[in-house]
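When the chains are written out, they are named A, B, C and D in that same order, and each has its own residue count from 1.
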Amino acid sequence: MKKPHICEILDKQELTENTFDMVVSFPQSALPGQFIHVLCGEGVLLRRPMSICDAGRGWLRFIFDVRGEGTKRLAQHKIGDSLDILGPLGTGFNIEKKGEDTPIVLGGGIGIFPLLMLAKSLGKNTEAILGFRTKSLIIMEDEFNEACAHTHITTDDGSYGICGLVTDCLTNRISKGDVSSVYACGPMPMMKAVKKITEASGIYCELSLEQRMGCGIGACAVCVCKSNGEYLKVCQNGPVFDAREVDFDD
Amino acid sequence: MKKPHICEILDKQELTENTFDMVVSFPQSALPGQFIHVLCGEGVLLRRPMSICDAGRGWLRFIFDVRGEGTKRLAQHKIGDSLDILGPLGTGFNIEKKGEDTPIVLGGGIGIFPLLMLAKSLGKNTEAILGFRTKSLIIMEDEFNEACAHTHITTDDGSYGICGLVTDCLTNRISKGDVSSVYACGPMPMMKAVKKITEASGIYCELSLEQRMGCGIGACAVCVCKSNGEYLKVCQNGPVFDAREVDFDD
Amino acid sequence: MTDLSVNIAGVKLKNPIITASGTFGNGREISEYYDLSQLGAVCVKAITLKPRQGNPPPRIAETPSGILNSVGLQNGGIDYFLKYELPNLKRYDTKVIANISGSTVEENCELARRLGRDVDLIELNISCPNVKQGGVSFGTDPKIAAEITARVKESCAVPLIVKLSPNVTDITEIAKAAENAGADALSLINTLLGMKIDVNTRRPVLANNTGGLSGPAVKPVAVRMVWQVFLCTRLPIIGMGGIMTGEDAAEFMIAGASAVAVGTANLVTPTAALNVKNELVGYLEKRGIKNVSELIGSVLAY
Amino acid sequence: MTDLSVNIAGVKLKNPIITASGTFGNGREISEYYDLSQLGAVCVKAITLKPRQGNPPPRIAETPSGILNSVGLQNGGIDYFLKYELPNLKRYDTKVIANISGSTVEENCELARRLGRDVDLIELNISCPNVKQGGVSFGTDPKIAAEITARVKESCAVPLIVKLSPNVTDITEIAKAAENAGADALSLINTLLGMKIDVNTRRPVLANNTGGLSGPAVKPVAVRMVWQVFLCTRLPIIGMGGIMTGEDAAEFMIAGASAVAVGTANLVTPTAALNVKNELVGYLEKRGIKNVSELIGSVLAY
């Protein structure tokens, strides 16, 4: 039988003012694109979903931005404290589909967190396109450099790397040829653009979607997204979907 | 203007399995019988009233039993943590009335906590009568011994000191003469008996009452007790009342 | 051994713990966390005649000690339920309650007929605040509540539970109307209508603008209503609204409930209903209570 | 400088923050914590003709993110109010709202007449759940609500606010009834009727058995009702129910309130209303909102 895990916080780093990197003890193995569902502490009722950023034997890593009450409370935990964590949950990336040429992992904001483990799994010819608002918010660059053949960094204000959107960078990169597949995670407008770009060039694409969640396991039907005209559960059918099957227009 | 104080926990001891002794930094002076109103932490809305057990320049001490959510949360705080405390509040004991002979402080259970500072203020000829359920729950005996001419300990099961009720001990002590005044705090049935005993022997008596509180400052009128047929506010008119003015029968 | 069994309208539950409709799906996911045979009964997601899409997302928001949801009865329809979901549930040694949520009286009658004797109990949901047709509009007027109860009862081969809405001036009126119209049991409360607005975007957090409030926040309202209904009808009551612990379950039973349902807690922890059951057993054992039904309505009111 | 002023039925408040009746006494205690002139208005404890004892204690219980109270309108009566309390409040540069809670229509009219022009606004409490006579029974039937509003309005020399109960099936009906009967403003919500039982003693925690639920737990219900009432009447609304922070205040205003009242929060921290005001200013400044009244009803509903 499955059960919630009581996990010890093994490491905690503050990456930027608002972003925390946590490593916890974890008894199960996980696949890239899956997520965990975390009880944040006293005064916060529902769990909060967090992408698995990396995992290994006996440990799991996730990174989060402080947004509201839940993540604020979560960030108060210290090394040695315990967290009640459900997971791994959901259907992750389909790395069998990566193709023979260059797979691209593409993320903006908190969307970059699930991509590290994915990049590692996709193999050394993977390229990463990561978007940040500004230079001071750039994180994990070294780690992606390590995992990927090339890491393209974009900033909205041009303070580092390429000035502009990750999607422009993607269009550019695709035009240079040999992109076999795209795996993306980020805000909705970005995802919508990625779907359009990859569809236009006939490249296989998977999107990791976000939706406000309740149970996280498929029981409550609150976390839906539209797929081929039907509401599917992001926590169970996703969070990763074949881009062709995601309907954005409503 | 008055304001809630942010107080640092300077010391915390676990006296028995369920009883905690806390010393906090505190900028104001307090009188015996007054109380503080403490925010217990995340997930607990209302403050909880706690008698001031002792106080000095820059510090204040209170002792509490863990009963429900509020005190449980309060007990989780560690030395160095901050507490949001309102106080000192309420009208304390009237130590001018102690008379010339022997004043007696009398308490049962959590009712003994406000009596230490009182005993110290009443002077060396004070006697204490303290009731506990059983030997293992006895606390503060040394401190009362230090402050008082004599400390009578009763236990419900006779495992230490006098077997029986504090009120029997009181009757006994009064019969020996020279008791000038009685100051009592404890559960309602005990208070009722103390009022009866002191009234019968014409001894001045003050009772520190408990009632579930909201604001703690007299604004919300939830904490009433009946006094001469009227509802008075325990937090403002009390918690200490002249026993003659307390109506027990309803 | 503590006797945990309770009786709801002639159906014996091995213990008083039920899952609340809509928070448990059809049990497939939660059954991966514990054996559903440990529950007194399971109440499944609302069933409609045709498959139903539900409302657009976001459908959930957290509020102080509560949640708002605006799922809007998304489900696969009765055919799907009978063919795929019910057979799966029948594998467990527990009672099955079907929650029916038709948009019209006739649809509810049809649903009850189609369910026949294949489930143990039918719960008629006249209290969903998240749909435009039917739902709570059936549950806020005693006359309409009586009419729909009477009509659906005629189509029911098993005992009928009527699920009441808390969004009413006087819950006892609706409860009595349902009782007089032939309901065999009552369940309460469904969710309170609520709203949350994001002060940054000035948009409601739910795409449906409003949603149903559930969780610990509503428990005092639910306990009060269970007590009021206990005093004014003779029907067994399934109490719910914010039950997170065994003591919460005991509180509802002391107020008058014969059984209790665990809802929002399932969203927090999949094992919640089982935990509540185990804690309730602990509560009873600690106090030497031999029979859980001693709790029912035992409140010592002033 | 941000313009914080708002207008309630022709009375200009310097800012939209008011204390909620019954959580602030008559201001004496809280005035030791800050200068009451910093508030838009103060609303005093319910006033009755004769002094009133209120209900037996315990009168308060904590519930998840909320409290239950059963004070039952304890107060010193109108004579005491006019002689001792009002002159004290008049020393502050803030508007005074008198909350009247008579047991009969006639008593409320008499209270309004006695108050005359000595206060800035009168709030008619037809929503107290803790008294046997009057109280919420006036506020749950649109006809009765209309009648009492019309009658009291005739006796009012200042604008009349009608305070609505959330314990109703349809808040818009009562709101419209009060509007049509001449109310100048509406305030909502009063408390939801709730109950808590001690599972150790099986006794209700409140000696009155039930009490009124307030605090953050009820906020989603209150915001929803403010929005519904905003959509269906033209009256200014004083929103309340669980406001603890400046953002909560903003949420109510965005939903449709012209001003807000801070209640339960005063019980937690005496400076709560002032804190809410300061936080609201922070919220406005951060977003460059020059005029607080831009918020009113600005929700971008789906």
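What we mean here is this: a residue touches a chain if its C-beta (ideal position, glycine included) is under 8 Å from a C-beta of that chain, and two chains touch if they have at least 3 such contacts.
Quantities reported herein were computed from a predicted structural model and do not represent experimental measurements.
Contact with both chain B and chain D is made by no chain of the assembly. Shared contact partners of chain C and chain D, listed by label: none present.
With centres computed as the average of Cα coordinates, no chain lies farther from chain A than B.
Averaged C-alpha coordinates put the centre of chain A at 36 Å from the centre of chain C. Each chain gets one centre point, the mean of its Cα atoms, and the points for chain A and chain B are 56 Å apart.
The mean-CA centres of chain B and chain C are about 46 angstrom from one another, to the nearest whole unit.
Listed for chain B are no residues, as none touches two or more other chains. Chain C has residues 65-66, 215-216 in contact with two or more other chains. Contacts between chains close into a ring here, every chain touching precisely two others. Under the contact rule stated at the top, the pairs of chains that touch are A-B, A-C, B-D, C-D. Remark: chain D residues 22-25, 28-30, 32-35, 45, 53-54, 56-62, 65-67, 69, 71, 74, 215-216, 264, 266-271 touch chain B in the complex. Residues of chain B touching chain D in their complex: 1-4, 39, 44-47, 69-70, 84, 86, 211-215, 217-225, 230-231, 236, 250. The residues of chain B lying in touch with chain A in their complex are 41-43, 73.
Those residues of chain D whose C-beta lies close enough to touch chain C in the complex are 63-66, 68, 140-141, 167-170, 192-197, 199, 201-204, 207-210, 213, 215-221, 223-224, 227, 242, 247, 250-251, 254-255, 283, 298-302.
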